[in-house]
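Naming follows writing order (A, B, C, D and E), and every chain is counted from residue 1.
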């Protein structure tokens, strides 16, 4: 079937509803495409893969998205996964003698660089008036964080599941992204597409958005049906590596917007652009990126959500 | 009769002092010319000019009156360090010129075997050359040079690396090869006895700049070819006297 | 009078064929013994036994009747490849034994300068040895050996790597050093003329297994010390005859 | 520490005499072999004891038994979605693809540098500039430029192989005995014939040595290349195992990597002996 | 491709004559220098044009100007919480710490292997086993054993440095001219004096060469060591920059790494010339 579109999707191990259609092969059917699903440990790796053309659609957090947009990487945000809440948290090791934020000074804190947790950590430190140079911020991917934690190499880590679940076993949460959002630094996850690909295969992208939106709607319709014994939970656990009994709770870590909410002013219709711009400004202030753009609206599009909704 | 002529040649290496200054030399078929002289006096440079590996800064190198432009198969060279090709068998080394000319394998082999026979290495054609002794390798080098049936044979200290006994044997081989091929021969050596024993004419060079300071006709080699023993030649008073005389020229010894 | 004696020594290297078989040799002060023989006949092995670098499988090595166990300062060695220490200056090379003995720097320097003077290298004490010519280096090696004022001087082809002219000069230096120090001297050479010119006694060795096949007393060296010119000695009929005779012994030449 | 002086002083002092003499005397070997055997036994024993009596936790030091079991398990059932054989062939595939590419580029470049002044002018500065940079320093750039797929990994490995082959080829070409060139010229060789009949065979031993060094360098780099976004390969396997703290697989992987490196070196040396038996002899 | 035959046939054919002759004839240099200059200019020009006219996006190929600006910015203001100088000194610090450690271990081990049969028996199998394993293959194991801190990074770099120094030292010690040993012995040297006055100075050039090679190997490994859990260092800097897609800092970092590698090599060569001026001469 040579006429089929070839689509490479980079996903992360975040617990969210679209893992179910992914597991069921729904995307392939809807887009009439052969899909190569690639697992990534963090948004920075997804961005690198998209930059080099190796991945067409990718799952990234707001921080890698802002960094990429600021570097004028030709991408568009096509679907907002949702605001990050308790699903990303800063955990401190039991016995590391960290009881309040200022105890972090001089400690080793691991984060995956560029990711939303990196961003949240920097924002939290700023909120607590802690100079980032006084703590040792280490760049580790989530699986490396889990291993380093087990060995006792790090004192704290700001990360997501499944690594988060592991380190909580002998650590306690100092803060999480829901709280950091109240410090004025909200983070969210989103699906992005390589512009070149979107121009060439708009139908495939539309189908992707539609299936994703449908899965969110399914979950929002009956969140309690996705319990630990459900087949949805089993599928999600298999693709993400999370423990199946924790999946229901993890699904509550986000607020998942429906397809019809996507184009609203709060999200792709305006809020997302502002959020990306804010995030970029913060990254610039932190010296992580050299410049910000005057306008980020070119990196967000409502085209696909609108069309997908229209075709419903 | 073929003549290889150096006419007033001078040479200096890039930017350096003159190495050869106004040297003239003629080699005819049937002659065995031996060059002696102290280290660095320009012997090798002279031979390289004759071979065509170098071009003189002034003066000319002629074969039968025609200037030469580079090496040619009529002037075969035998090198001190044999310069054989270790990736080829002994026979293929000998037949290298034929190989370049595209001669077929079987014919090459026939040619090589004939020459190996001449230099006393019959039956060693299939040996890798790195399994031959130093003396045997020099014979292969000689056979390779003779293979082209050259009009001239140019040899730069071909026996320098051999031990005393092997060397004596090779001297007789050279005499025979020269006698039978009739090639005009130019040989460089540090061995004064070797020079006297082989040459029809000895050329003594002096350094800084390299030049010819003496030409000396001798005939001990012909005595050897006529059947006289090496021992009786080398201990004859004329030989001993010539030897001392030659050493004096080379080292400009003050009579102590 | 010191004697260095090898008594019926035999040697084989691990598992190999015998290299020396039942060799006896005595070196007394004032003697200049020269060993000649074909390559591989065991000359170096013999010298290494005398120096104490090797131990014989049977037989004994004695100094004044007492068996030796290893090298000793009374038996100084001069090596073919000079074996100098390139990280030390010329003077420090000469005074190496003093350095080992903990002699102070200034005293070492005095000693070195005296010896450098003897070997004709006055003023070169501060030179790195890698800026010396081959002949100069051999002189330094000789000076280093003489520095210990040894009873015996053992030399393995010390002039082998030098060119003809330098070599002639060094021969006279060796004669003088031997004459003045009075050390019993053992020298290995491939040069038959060199042997005749220097020796009081020539030892001819033959290979497989290494053994002494001839001992020959000569006195050309004493004639040189008495003032006769090298040239007249080397072209005298007795010298030429002795030379041929010796070559015959070494190569067991069939009279051709 | 004792200085084996007897041994030292027996060694022939001149190069020529080397050929005529038997190899190293056999009488001395046992000492080395026995000590070596004892050392290895002692190490293995210490390892077994330390892990068996749990002096060190299995997390840190699995026993030799556990490591061999890991070998069998991974060989049959696999680890991180691929069997040992699949990991190994992924790694070997990358290294050989890189080797072919690097050789095809580096040998002609080496010839150009070694045999022509123009060639030296063009390529020498490039190679001299690239040579000192650790190939891993390119890693991020190569990822930005070429992505995280196979081409990037092969490219990184290939870059690591380039310099050794170019340098060896160059030195092989430059080191052609001028007498051999002159000999061929006076036997009538044209320039093309010189290159084909003299320069190429003369340089062959150097080229092969360069390839052997390059394989070693490439194998080193492979492990690093697989640290990033691989889904198969020995380097990926041990890295994943380390993240899950499956130390027996880590140790097993290291042993496999060592064995492969050893085998590659041995194979190349064998090829060298076959292809250029004269190397170092004439 | 043209074969510079004239040049080849002028080269002296015997080693001894080398010393007496002037260095390479100067008349030929210009061709190489001019071509080299042209090549470099052409490359720089192509780079400038490609980036200036945005034939390639700045994300992939920042212009030379942007790269130099990145150099100044990072030198003054820093990147990922440290200035260029701090990154550089973190990296250099690791390499030198590893160098000191590796030298302290490797030189005595090399002496033991080279000078005594027992030593060879003990250490040779260990070194021969470790040698072919790419140091990066140890990385996961070292992280499991020693964590992700500085010690692990230094250890990884040190391991990469061990084999070259041991091997060079061994070959230096084994290569001591037996005549020199014999000379010293017949001048009355004891075993200790032999080691100190003959073996050590004889082996010094080899040891220094080993250290030079080791520094190169260490510098290569450093970049990989810093890929994991560093918070400072050149390798960390370029990796972070790549993750933020700050390509100008990536390129700048590669150039700095190249320059440092180049400088280290040059410094070591200078030290060699100073410390062992006789090397290769006698």
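The criterion applied here is as follows: a contact is a pair of C-beta atoms (placed from the backbone, for glycine too) under 8 Å apart; a residue touches a chain by one contact, two chains touch by 3 or more.
What you see is a predicted model, and the numbers here were worked out from it, not measured in a lab.
Asks: Hop across touching chains from chain A and tell me the fewest hops that reach chain D.
Replies: The fewest steps needed to get from chain A to chain D is 1.
Asks: Chains in contact with chain B and with chain E: which ones?
Replies: Chains that touch both chain B and chain E, as defined above, are C, D.
Asks: At the interface of chain D with chain E, does the proportion of residue numbers present on both copies reach over half, so same, or stay under half, so different?
Replies: same
Asks: Using C-alpha centres only, name the chain that sits farthest from chain C.
Replies: Max centre-to-centre separation from chain C belongs to A.
Asks: Going by average Cα coordinates, which chain is farthest removed from chain B?
Replies: The chain farthest from chain B, judged by C-alpha centres, is A.
Asks: Measuring from the mean C-alpha position of chain C to the mean C-alpha position of chain D, what distance in angstrom results?
Replies: Chain centroid spacing, chain C to chain D, equals 48 Å.
Asks: Measure off the straight-line distance from the CA centroid of chain D to the CA centroid of chain E, and report it in whole Å.
Replies: Spacing between the chain centres: roughly 17 Å.
Asks: Out of chain B, which residues touch more than one other chain, so two or more?
Replies: Only 48, 53, 79, 81 qualify.
Asks: Please output the residue numbers of chain A that touch at least 2 other chains, ranges allowed.
Replies: Residues 48, 51, 144, 147, 151.
Asks: Could you pull out the residues of chain E that touch at least 2 other chains?
Replies: 9-10, 13, 28, 59, 143-144, 177, 179, 182, 185, 239, 242, 245, 247
Asks: In their complex, what parts of chain E are in touch with chain D?
Replies: Listed in rising order, the residues of chain E that touch chain D are 1-5, 8-11, 13, 28, 31-36, 38-40, 43, 59-60, 111-112, 115-122, 124-126, 129, 132-141, 143-145, 176-179, 181-182, 185, 191, 194-195, 199, 216, 219-224, 227, 235, 238-239, 241-242, 245, 247, 250-251, 253-254, 257-258, 261-262, 265.
Asks: Would you mind writing out the residues of chain B in touch with chain C in their complex?
Replies: Residues 38-39, 163-165, 190, 229-231, 234-235, 237, 240-241, 243-244, 251, 253, 255-256.
Asks: If we count contacts the way the header does, which residues on chain E are in touch with chain A in the complex?
Replies: 57-59, 70, 73, 77-81, 143-144, 147-149, 228-231, 236, 239-240, 242-248
Asks: Which of the residues in chain B end up touching chain D in this complex?
Replies: Residues 48, 51-53, 70-73, 75-77, 79, 81, 83-87, 96-97, 99-101, 128-130, 144, 148.
Asks: Considering only the defined contacts, which chain D positions touch chain B in the complex?
Replies: 177, 179-180, 182-189, 193, 197-198, 201, 204, 276-278, 281-282
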